Amino acid sequence: MTTLPGPTATRRLILQGAASVALLGLGNLPFGAAPARAAANDKYPEEAFKQKSEADAIKALYGKTAEPSDKVKLDAPEIAENGGVVPISVTTTLDKVTSISFFVAENPSALAASYKIPEGTIPAVANRLKMAKTTNVVAIVEADGKLYSATKEVKVTVGGCGG
Amino acid sequence: MKRSLARAMVLALLLAFSFALDVAPARAANEADYKTAYSAAEAASKEAASLRHQWTVTVSVLAAAKKAADGGDFDRAVAAAREAEALAKASIFQATTEKEAWKAMEIR
Amino acid sequence: MKARTSILLGSLSAALVALALTSPRVVAADKVDPVADARAFQNFFFQKFPDVKHEDFVNGPYSMNEDMKRQWQEKEEFPPYEFALDAGKEMFATPFKNGKTYADCFPNGGVGIRQNYPYFDEKEGKVVTLELALNRCREANGEAPYSYVKDEMASLTAYMAFTSRGKPMDIKIPDDPRALAAFENGKRYFYTRRGQMNFSCASCHVQSPGERIRAEILAPALGILNAMPIYRSEWSGMGTTTRRFVTCNSQTRAVPLEPQADEYRDVEYFLSYVANGLPISGPGARP
Amino acid sequence: MASSIRVRATANGDITEVQALIQHPMDTGFVKDAKGELIPAHYIQQLKFECNGKDVFVADWGTAVSKDPYVKFSFKGAKKGDDLKVSWTDNKGGSDTITAKIS
């Protein structure tokens, strides 16, 4: 499910595999039914980005709490090669996904990035985030109005031998 | 390879020991004491630089000595100048021993 | 007070001299044989890391650690050095005030030649690196030279490296005693301990490649310059070979030499020569 | 001046994979410069991708997004040759936009 190493061509096949699986999931739904809640409006969630803790940020962004789910696959390194550029991606088999967000628990403000997933967009995102220190990275997926999460600890420290 | 690691340990250890040696002088140091200590340290540091083996810590401790002296704290200034001299001398020693010692690690 | 310090220094030097004398291979000056040195150097790494493909050594830390390699492949999807590469291509095409361009200074218009740098200039009797040649080209055309550690130089070398990607490193040592001396001087610099940490380049890149120094994995010395210039997340910016040497020095608390100092040019000559045959992979992305 | 946005959009059947790399400092406001003064926060807040007249992906970013930010996603309903409009705005009112062809 996650982006596996190997030349780019096989990566695309794997992504398609993931996408078609997601499509199947959607297939059996009568297409007419609009997703339970329209994607969050376009306004920049200023408040959520100000929250220090991850719980407050989730509440400010979505107004409800999340439950862990193994349908949310969070891919992050075990030890970040550099705290400034940590490749993190998430993909999910949940359907009717309307939003995906990333939180870095002990960053100055927990919410790092939030993505609106309109109808027809594959529920998977890869990005590069900054992490202040070793802490939990949490991915939240809003699907059919409910929140699902996946968490992984990423070790972060400086490099080099001192100077 | 093991031996060169041991040598690194010894050098680092001895240096740490030299820092801890700041024994308070019998009487408060004055500007004259500082001047002699500083010039000795500066000479050693110049030699280290000419051997292109200067250490960054020598430069910063030497600057700290000057700053302390400018602030009138000659006790600290003399101690810092002494430390800078010790560091410069250690780097000179490193330069001379490495003239041959580097071959120990060479891939042959 | 004075006496106490000198006693200490006396004991310090005595202890270390004793240690130095016991070092096993204090060998008489031997003849400089770059070919044998290169073969021994490469075999050392091929035997130490039998399952690393030879051409993978140029990927530095990523040839040593799977988790790091995956993070690298993620970055290579759309590498952070893209901007430097495009800037370099643009600079290469932009004529100087006198109408000439970099292409006029370099063989084959500067395209696909990075693998021959640094070379030994028999007129000057010294090693000339790509960064030095670029600045000399600028000065010959009435332009101010670029800093050796800033982005402009990195963009130019990034573009030139890119045009040589995949070509095997091909450094020549002419039959000239000064060239052999430069090679030997570079080798000596590489193995000489410096700084208060008392490390040499070899302490990290020969004795412990693949091991961690905090977050980073140490790169093997073989092919360590093949990916230059590199975009380092640590600097969140491009780094030339000079910047890498300077920062490595300060990490061991050694005062760096002036950019393009003879020692830097010679150690680049040594490291490039012993990597002959391994592919150019610059510009690279590193932690 | 070359655009700050590099985008690659490749269509495979009904699914278009999009990768974008944007040249932007993404300063957090916590970092000091050489003279010890705080570099003020300067980061992209919103990045929007539109295709065939509708948003296909909207990113709301904070200061924890890396310098020269990168994002990858895929969406359905587009084909080779369609236009993909990419635009961003940052907290200082800066912005940039380009239109790329799906290959």
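Per-chain numbering from 1; labels A, B, C and D assigned in written order.
Quick note on the criterion: a contact is a pair of C-beta atoms (placed from the backbone, for glycine too) under 8 Å apart; a residue touches a chain by one contact, two chains touch by 3 or more.
Source: prediction; values computed, not measured.
A count of contacting C-beta pairs for A-D and for A-C identifies A-D as the more extensively joined pair. Averaged Cα coordinates give chain A a centre that lies 17 Å from the centre of chain D.
Between chain A and chain C, the centres computed from C-alpha atoms are 39 Å apart. Computed centre separation for the pair chain B/chain D is 52 angstrom, with centres defined by C-alpha atoms. Multi-chain contact residues of chain B (touching two or more other chains): 56.
Residues of chain D found to touch two or more other chains are 66-67, 70, 72. Counting partner chains per residue, chain C has residues 77, 80, 197, 199, 236, 250, 253 touching two or more of them.
Inter-chain contacts occur between A-C, A-D, B-C, C-D. Residue ranges of chain C in contact with chain A, taken from their complex: 61, 66-75, 77, 80, 197, 199, 204, 213-217, 232-234, 236, 247, 250-253, 287. Residues 77-78, 80, 82-83, 86, 90, 236 of chain C touch chain D in their complex.
Within the complex formed with chain C, the chain D residues making contact are 2, 6, 8, 19-21, 23, 66-68, 70, 72. The part of chain D that touches chain A in the complex is made up of residues 12-13, 15, 17, 28, 30, 45-46, 54-67, 69-77. By the touch criterion stated above, chain A contacts chain D in their complex at residues 12, 15-16, 19, 23, 42, 44-45, 49, 84-86, 89, 104, 107-109, 111-118, 120-122, 124-131.
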